[in-house]
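What follows is a short report on a single structure.
Chains: A, B, C and D, in written order; residue numbering restarts at 1 for each.
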Amino acid sequence: MRRLLWLWCVILWVCLAGGVDGQVRHELPFPAIPGYETLKCDFHMHTVFSDGSVWPPVRVDEAWRVGLDAIAVTDHIEYQPHEEDVPTRHNRSYELAVGRARQCGVLLARGAEITRDTPPGHFNAIFLENVDPLETDDLVDVIKRANDQGAFVFWNHPGWKGPELGRWTDVHTQLYEKGWLHGIEVANGETYYPEAHRWCLEKQLTMMGNSDIHGPDLRLRNTAADHRTMTLVFVTERTLDGLKAALKAGRTAVWLQDRIIGRREWIEPLFYASLEVEPPHLRTNNALWVKMANGSAVDIRLENRGQLGPAELVLPADSVTLVRIAGRNLDGPLALPYTATNFLVAPDRSLDVTLRIPE
Amino acid sequence: MRRLLWLWCVILWVCLAGGVDGQVRHELPFPAIPGYETLKCDFHMHTVFSDGSVWPPVRVDEAWRVGLDAIAVTDHIEYQPHEEDVPTRHNRSYELAVGRARQCGVLLARGAEITRDTPPGHFNAIFLENVDPLETDDLVDVIKRANDQGAFVFWNHPGWKGPELGRWTDVHTQLYEKGWLHGIEVANGETYYPEAHRWCLEKQLTMMGNSDIHGPDLRLRNTAADHRTMTLVFVTERTLDGLKAALKAGRTAVWLQDRIIGRREWIEPLFYASLEVEPPHLRTNNALWVKMANGSAVDIRLENRGQLGPAELVLPADSVTLVRIAGRNLDGPLALPYTATNFLVAPDRSLDVTLRIPE
Amino acid sequence: MRRLLWLWCVILWVCLAGGVDGQVRHELPFPAIPGYETLKCDFHMHTVFSDGSVWPPVRVDEAWRVGLDAIAVTDHIEYQPHEEDVPTRHNRSYELAVGRARQCGVLLARGAEITRDTPPGHFNAIFLENVDPLETDDLVDVIKRANDQGAFVFWNHPGWKGPELGRWTDVHTQLYEKGWLHGIEVANGETYYPEAHRWCLEKQLTMMGNSDIHGPDLRLRNTAADHRTMTLVFVTERTLDGLKAALKAGRTAVWLQDRIIGRREWIEPLFYASLEVEPPHLRTNNALWVKMANGSAVDIRLENRGQLGPAELVLPADSVTLVRIAGRNLDGPLALPYTATNFLVAPDRSLDVTLRIPE
Amino acid sequence: MRRLLWLWCVILWVCLAGGVDGQVRHELPFPAIPGYETLKCDFHMHTVFSDGSVWPPVRVDEAWRVGLDAIAVTDHIEYQPHEEDVPTRHNRSYELAVGRARQCGVLLARGAEITRDTPPGHFNAIFLENVDPLETDDLVDVIKRANDQGAFVFWNHPGWKGPELGRWTDVHTQLYEKGWLHGIEVANGETYYPEAHRWCLEKQLTMMGNSDIHGPDLRLRNTAADHRTMTLVFVTERTLDGLKAALKAGRTAVWLQDRIIGRREWIEPLFYASLEVEPPHLRTNNALWVKMANGSAVDIRLENRGQLGPAELVLPADSVTLVRIAGRNLDGPLALPYTATNFLVAPDRSLDVTLRIPE
């Protein structure tokens, strides 16, 4: 009984020290787009239950702190370097994290990383019901079992051993043709895979961007200059089901370093929802002055495709930029053709946009 | 002619180096309150035209950068330590800054600091039409002339030479009774003047908080931890007239360090507009979990006046805090009585608030 | 064989992602004192092997990064909340961290936290050879066994359940009189225990200050404003033996928040080694101007006990402060009596110092 | 008399607000090189006395704060855009700043910018005795007069209107052959002039790097990521004479962004003085582990020219990097050939170095 008392004291101590209440979160200001809410997500990360170095709830705390709405903890099924100390239990990282996720209101998908030599490489399955059945030899069978559970399956970091080993093989074709492969990581950690970007465009696969983080995330917040690689998912409801539906429908954009990568269909409305141009607050004989507010978390980089307006513009994240448009006869609303150079609709192609300046 | 050419080159050089286009502004997230827009203002600052050390447009650039909506440049009329190099011209700091203000869309009031030995001390007159007539000996006459121009007049840093010298004297009574004194600085720079706070409450004078900055402002942005002392003004229109009307009606709050100082009438709606409490996202047997978003630029510090909820809460500026409310039978909406300890309605009194947690 | 190949690939991947080479360390600029090198140490922290949330080598990486020279990982022996997933093995956190410690050149002491209800509370034993024998019921016996291994034993956070429960009891007397208790934490995490400070002074026990960190350390570096609580140990050689000898001899100081806490014998030379005062670079009729360099990681706060020099001085960490000494007849070297208010030689007593200004 | 009293009060107020005492300086950790002290200098900046926007002593305060040892305030002689408000007086910016410079112990050279259409462009003369005689039409005559005063004369930002206008012309040859032109800015603000770099190498002219700052410097300190462009001058004594002698002897290096630019003669010893490599603290069968300390303010970027050691290395400024050297038979001291890619000895050539690892 006395032993119980001190145990409670220790538990209280840990709670106070570790901080359950009062944790601070900095929302990431990516706007909603017409018809959809924008969730900030990371679907690839590890814990001590495979080769990561943190206890599972740490991944939830990080997500909350840096403004993520949804994550999946995806420990390797086959690669268990800590098994001498942490016996293999494939569902434990989810089970140990989910309580904390509910407290924080962070959506947590049960996931796992299916780990094969390259090619064919590694695959994540998320929205699983049970990871255990996935521990079986034949890769096609594993992916089938994941699909039987209704999982969303994507190919991870396809080129991380070079383009030769990271090529699209017969197994990929097989999985793709059966409809069991739904997406590919076009970005993993700090690396961009242009070939994966092309495959997603050609084959209507969902573009994913994830951190693949193994150690603790030291960030107190995500900033334009230093953030986790993540997937923006455009959902109709903020639930795991809403998320899965959006992923299966391909409604994503990837935020990697200073770039937004995605299908034009999704990054074009994201661009326009991010930018607010006020009517000019000053008109002179030969210029007008406008405030352009970038309400998103990514800097917007613009190159002029026309005559009017600055040749280049940088609109830093989450701030307002003063822009002077020089020229004669600037009455009425203006429509300036620009290219948003860091919004990639294809590996070699940026998003063309029109800056509309109201009257 | 050739001389002209190189002059243009130099001007171009200066423009490019000094940056006219593309300057970045970080808005200060103080919310509007019902019926009014909230302008962030600083009505006390100096330039090389009295004892400051910057050229007047620098004050506008700073204001733009750190998220101020309106400023007044208020050089001393009588104290002209640079006059050997910068001959006295009382309207010049305004004239040299106003073009830049129009470009930036920052409201600039013409102002001046009337500088007398203490007591009676220093007074700022803002919204002047012409500073020159204010250079005359008799203080009452000066203040009358400012009022004749429709100016808003306030007493600066009343206690900066100590409470004895900073006392309310007959001259103050005279000005006050004629209706020529409209406000007092309850905060100047990093100093709070509780006596001034009391006078404003008793006499229905407008509470002002200003920087009185002399050197360059090195801040890239204002943060909760490091910001200019400023006056929040609740306006019905974002113009100089709207500003003057609001000041004359006493619709202000002062942001000094980690405190909001003002009349309950104004800081209570500011508090409620700053705080958003979501419906609980998790209910357990003995607790519920709520997200509280503080959308303002100031941390909110709360002490519990009731039974339910944490004894103390800090809701950091511009972020979301996870709060756990422990207890039984927590169904239905809750109303938790707290005190916002850093919202001062009087020198020794904080704002009592109710945290309403929706169902 | 093929399986081995991909395993190697995964390992390589983890190494590249997690970063073995090239990790950056910011040294903490606490100076050596005459006769001793100054090591920055933290002897109280947890991992997943008790109630912490990181894999053991993370503690070494953190130590390296933030400028620590020596640590002990001290998982609870009796409190094993993760045992369902991480079976109890008391020596594993040391064994898993020591390779990384050797790579980084961080000294790692094998340690453990002996965890009893309060009173008598928790005790750390460090420089152990084997933790297993310490898992036994009788506290006195446990501490004896630790001493039999040559360990250094200290009482942790004595007052964390309040002064009543945190009192000095018969067991403490018994351990102390046998010479088995060598130190007490006067600071643990962000808390200072003045009573412990007094006990250390009275009983010649070693003053300890430790982080007791459970989660990941998010700091990229330690700064004066935000750092781990730590123990500065004054050693004659940078080895575990040197460290143990210094601890047993009581040669420590504690860095907690903005304070240095310790015996005068050690914090006085630390003060003088931290401060460098140059000869005045300017002498006028009524003043001289001096540069004072604080080469330590802690701000130095000074109050004047004499006539000459500023009434108060703050010399920020790792920077140079310009000081003006006003007065007549300031020829020759000066000796100004000050108190270093944040250098505590006893709970209510700061260190008196003399600022010597060379000619 | 009463008027005098309040004037004193205002002056006191300004002093307290503006802060004379207690200003903090962060030294820039560029090391001395054998035989010389390393001074951090900026010899090109403006005030309200030409087209700058700060009062002259602000330039001294900035220099002190960000770790500069010597500056010259170099207002344009011919370009006086503020003359309507600040009547032309060419020596005033020096005269108004020199008192503050003496208080801070910052070396202040009297300077001026001779401003001609391009070509031939702008020239700075520093270490002048009197600027007034330089206000005369003929450029050659102006430069002669500067030389008659013993000035050091350099050509500013030679290419800022493009390579065509920024070319070396007959006037430059004339000045050079008479020995009246001593240096060229190879860097001005954020721009590097490779052509100027070549001219300096060919003609034994001194390489200069300066900020040409016009507005306030908002930096609280210089960092590797964000710093003023500056000239490092290798002096035998820390005086204006020592500085002039060093400049005339060409003993400089330029710090621009992440690069050190200069003659091999000077940047090679700077490199070796910046880098400290400890003896390996761990040797295994197939690797050794070394700490490399970069004690300078610039990151060091290295590319391997040999077999042993990492292919690339970045040693961040003012910190220690852990380096693993893999290989067999690594006994004895090692000498690893690398190139310091960001140490430029010519526009297209980096400094070759040897990393010596002690036994």
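By our rule, contacts are C-beta pairs under 8 Å (C-beta built on N, C-alpha and C of every residue); 3 or more make two chains touch, one makes a residue touch a chain.
These numbers were taken from a predicted model, which means no experiment stands behind them.
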Minimum number of chain-to-chain touching steps separating chain B from chain C: 2
Partner chains that chain A and chain B have in common: none
Centroid spacing, where centroids are CA-atom means, of chain B and chain D in whole angstrom: 40
Chain A and chain D: spacing of chain centres that average the CA atoms, whole Å: 43
Overlap residues in chain D, where contacts from two or more other chains coincide: none
Pairwise chain contacts under the document criterion: A-B, A-C, B-D, C-D
Touching residues on chain C, where the partner in the complex is chain D: 20-27, 64, 102-105, 281-282, 289, 291, 293, 310, 313-314, 316, 318-324
Touching residues on chain D, where the partner in the complex is chain B: 2-3, 5-7, 9-11, 13-14, 17-18, 48-49, 51-55, 57-58, 61, 76, 79, 81-82, 85-87, 89, 92, 96, 115-118, 160-161, 189, 212, 214-216, 218-220
